[in-house]
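In the two complexes below, chain A is the common chain; its partner is chain B in one and chain C in the other.
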Partner chain A sequence: MTDFRQIENNLKKEAKRLLEAGEVAVVLAYGRGYDEKHPMPFAAKTIADVESLVFNEYCNFNMASYLMRYPWGTKIAIAAKAADSRAIIQLVQEEKVRREDLVILGIPAYGMKNQKTNEVVDSKTTGGLYNPVIYDILLGEEIHGQKIVSPYEVLAEYEAMDKEERWAFWKSQMDKCIRCYACRKACPMCYCDPCFIDQNKPRWADKAPQSPGNMMYHLTRFHHLAGRCIDCGECSRACPVDIPLYLFHKKVAKECEEMFGQAAGMKLEDKPVLVDFRVEDSDKILE
Partner chain B sequence: MSFEPKILGIACNWCTYTGADLAGTTRLHYPPNVRVVRVMCSSRINPSFIFRAFQLGADGVLVGGCHPGDCHYNTGNLYARRRLAVTKKILEFAGLEPGRFRVEWISASEGNKFAEVVQEFTAQIKELGPQQKLKIDELQEKA
Partner chain C sequence: MLKKISISKISELAAALMDKGLLLAPVKEISGHNFVEIKDPKQVDLDFHNTIASPKAAFFPHKEDFIKYETGKPIDTASVVALNLPPTFLFGARPCDVKSFGIMDIHFIASGIVDPFWKQRREAAVIFGYAFDLEKPAQPEEFYQTLGIGAADPEGSDIFMVKKGGDLLLNSVTPKGEKILTELKILNEGKAADKKYYDEYIKKGKEYKTRSMCLEPGAITKKLEDLFQNTDFWNRVSSACISCGVCTFVCPTCYCFDICDDTLFGHGTRRRVWDACMFTDFTLEASGHNPRTHVYQRLRQKINHKYSYHVRKYGVISCVGCGRCTKYCPVNIDIYSIIEDAMKA
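Then we have the complex of A and B:
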């Protein structure tokens, strides 16, 4: 089990050191919320801020989504769990941040919990990794010996459905959407400004929270995240009406991995699969 | 009354559209169900065009581009191939019949291939019947 205390202490120690030495302008991590269960994304900019840093099993936020708020070239330290580190890699691939501007404070974490349901966050709703893929400083001990479950295992049940049933499932899910865009806000890969759904010319879809507009929003969002979603599961945890967006994202990620042989956010030198091609890609993928 | 499907065709200017022209000038017969929109390259096609077409009542969508390697812009269709493959998977996982969306490489000299593909695809869509899943109720949204 992860020693959250130890990580919190190390986080404070490193944050203090980095800020004191002027190595970074800001430390992106977690701060106290109104109670233990609701920590908040927190940007520590001064040494006094460091005392407010926390880390516990509810610190699920993917802090990578805050990286693009700072001017290009800002030196940033960022707390990164496994999925968050993949998000960072993906953002580096997309040239949204530079690796050399970041100090990645890696957090190996097993036993993170969903604050709404208290369930342990694992491969059912996320990529199911526990150690950061990339880091400069590790804030805790690496986790070994956990059972490795494919993040795509949960899909079997949905893939087995017949198409009518699957359509009915997704339609009923999408119909719940209230278009708060919390999913988009939580997602480190949703950085477009303006988002296609906010454009007026062309107006891609109705903006009212009704069936057709919802469907258009989500199908397009799934597409825009193809080969980019790093399966942190934050979109689904952010959703106030509990739409299992992760299922669709996982499915698209799985297909991309099968077709193009590369998972999102694993290697700095990769290119996102949809801005890349191989001459020898097969036409079979279109069947 | 028999069902006459509405099919959206999106064809690249340099190959498939010219191929369609050739089919016309050589007086080949093919069903009039496909309404062709011309784009400069298959990579111009935003996947949302396809989702939107289904929402606005298309029973099928047919995309045509140059053969891989022959794109007028060299690599457009190589990007498009990957992108449209993803579009297809998304439609499928959402629960739409996979047969309603098709991508074909048709060159400027393949007028007969164009006619054949249109014939085949139209027959297939007739078989599948009207597309109702994504189609929006006009009262619900005025686009």
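Then we have the complex of A and C:
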């Protein structure tokens, strides 16, 4: 694997070139935060901004979430690790962004860490991939020979639980929720405006952080992401009370993949499974 | 009055306090410590730096029920929720957080419109402040020194606690605290050496290093007023912001709330729930107009409220430098860096 320092240099070099040539108006990548361990999502718009770009093991942010802030036609360069590239594909499929507006700066990486716990988060975030699925320019060498971990491996413990245990597990997790909506805001696929939870006619759930409302919010969000979640793990990373939301998303993604033979955000020409109908689609849901 | 107890006996002290009323103390949860209503005295855990959520929820709960009613029934059948609070012991609050209660008192009591719920909860509470461990370095996000708050300031607490090796020293700060200390038979008398240690610890706390800059309330207020129209500045500092509510929910001095009705099978509750100025719909008006549609406007509001409007209106900065907003921000926005940038701009 190309080391992160080298990737950072390549990122700066490409960002500078693209901005200088006027090929893009903005480079969405990672910038300096208040210390090494806390980089920030950063939009470089000038040559001077390029010096602030960084890349290290704490750059977990999925920059695809920021794509929809720019109108169609804005030329954007975007730094994309494996999961982020899947988010881009999914957003193109959903016609939220246009492929021709983007210059994708692919970053092959593993060993990304959680800034709070220093734990390696690959099993929760790479979706089993280390190389971006799609890119225009690669900022490091492609990774080969690194052990491929199935994205669903972390589900083993969860799947061992029976129905009652799972309900009890989610109930205790949802009780912790403070309804700050960081999960929804960090999610590149949560772009509804307004989100169902903010509607008050009808009001779908109670606003207070308590059991039925919390459950309603999370279960609905889980289902709205069925076949669309690209497994970047941003929801769980953003959560201030560490609810393992990725478990549910992974479980749903796994079932979708088994039923429809397609994982979210893998091919530009695919259609999201739940908006596409094929005669050979699984009827398992009717059984 | 100085008393002491071995830290190994902390659960016995907890049990003694539970006999007298409600105990709120730090408990280790999966993701970190939080103030929780104690059911089992063994839960109390003083081995923490600071809690995830600030202890403001002790007086300003995330949800507070005001009125209960039945739908379709006459209005006079609705009833106001009575609090009937037992004595409440808030055990182990850090000095910066204790300081926040005084700031919140301005809004809920001193501004003239008294919030009965906040006031009753404040009056029912005995605050056991707890000095930071001066042996250990401050967390990178903390900056209470900037706001003139020491790591061992007893002001605002009724009883202030300091760790001395394996012992916990408890000193009364107010008559209310002194009364409780007298009643707690489980405590031992503090010796002259303990008193000396305690006094020195408080003094040393003033020198405890967190991130620090010279911040004069008048100067930052003026600076932020001048910067208000500088959209480039606000766009730059807010470009990463995703408009979630983490920073305001963990903040000890954020007090915005929403009043909403919740009905289930004909049983209705009118309650207040925390709200956050970072939410897109926070300023959404019934007409559909929203005066703060951009991210930069919302972050500007938050910073200005704490460091500018609040100073103009009440004379003090509404921030205690606990650093929670920075620590839990999913995109690492740092309020300290923004203030630093503003001062330089």
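Here is the rule we go by: the second predicted complex is superposed on the first by the 280 of 287 C-alpha atoms of A that agree within 3 Å, B and C clash if a C-alpha of one lies under 4 Å from a C-alpha of the other, contacts with A are read in each partner's own complex, and residues count from 1 in each chain.
Here, contacts are C-beta pairs under 8 Å (C-beta built on N, C-alpha and C of every residue); 3 or more make two chains touch, one makes a residue touch a chain.
Note that this is a predicted model, so its numbers are computed, not measured.
Look at A:241: by the touch rule set out above, it reaches chain C but stays clear of chain B.
When the shared chain is aligned, chain B comes close enough to touch A:170, but chain C does not. In the superposition on chain A, A:198 makes contact with chain C only, while chain B stays out of contact range. Of the two partner chains placed around the shared chain by superposition, chain B is the only one that A:279 touches, whereas chain C remains out of contact. When the two structures are aligned on the shared chain, A:261 is found in touch with neither chain B nor chain C. In the superposed pair of complexes, A:206 makes contact with chain B and with chain C alike. Of the two partner chains, chain C is the only one that A:34 touches; chain B does not reach it. Once the two complexes are overlaid on chain A, the chain A residues touched by chain B in the first and by chain C in the second are 206, 208, 210, 212. Contacts from chain B toward chain A in the complex involve residues 47-48, 51-52, 55, 68-69, 75, 78-79, 81-97, 103, 105, 133-134, 136-137, 140-141, 143.
For chain A in complex with chain B, the residues that touch the partner chain are 158, 163-171, 196, 203-206, 208, 210-213, 215-216, 219-220, 222-223, 226-227, 248, 251-252, 255-256, 259-260, 273-279, 281, 283, 285-286.
On the side of chain A, the complex with chain C involves touching residues 31, 33-35, 37-43, 61, 65, 115, 176, 178-182, 184-186, 193-194, 198, 206-210, 212, 234, 237-238, 240-242. Across the complex, chain C meets chain A through its residues 29-31, 52-53, 62-63, 140-141, 239-240, 242-246, 249-250, 258, 260, 262, 264, 271, 273, 276, 279-281, 326, 328, 330-334, 336-337.
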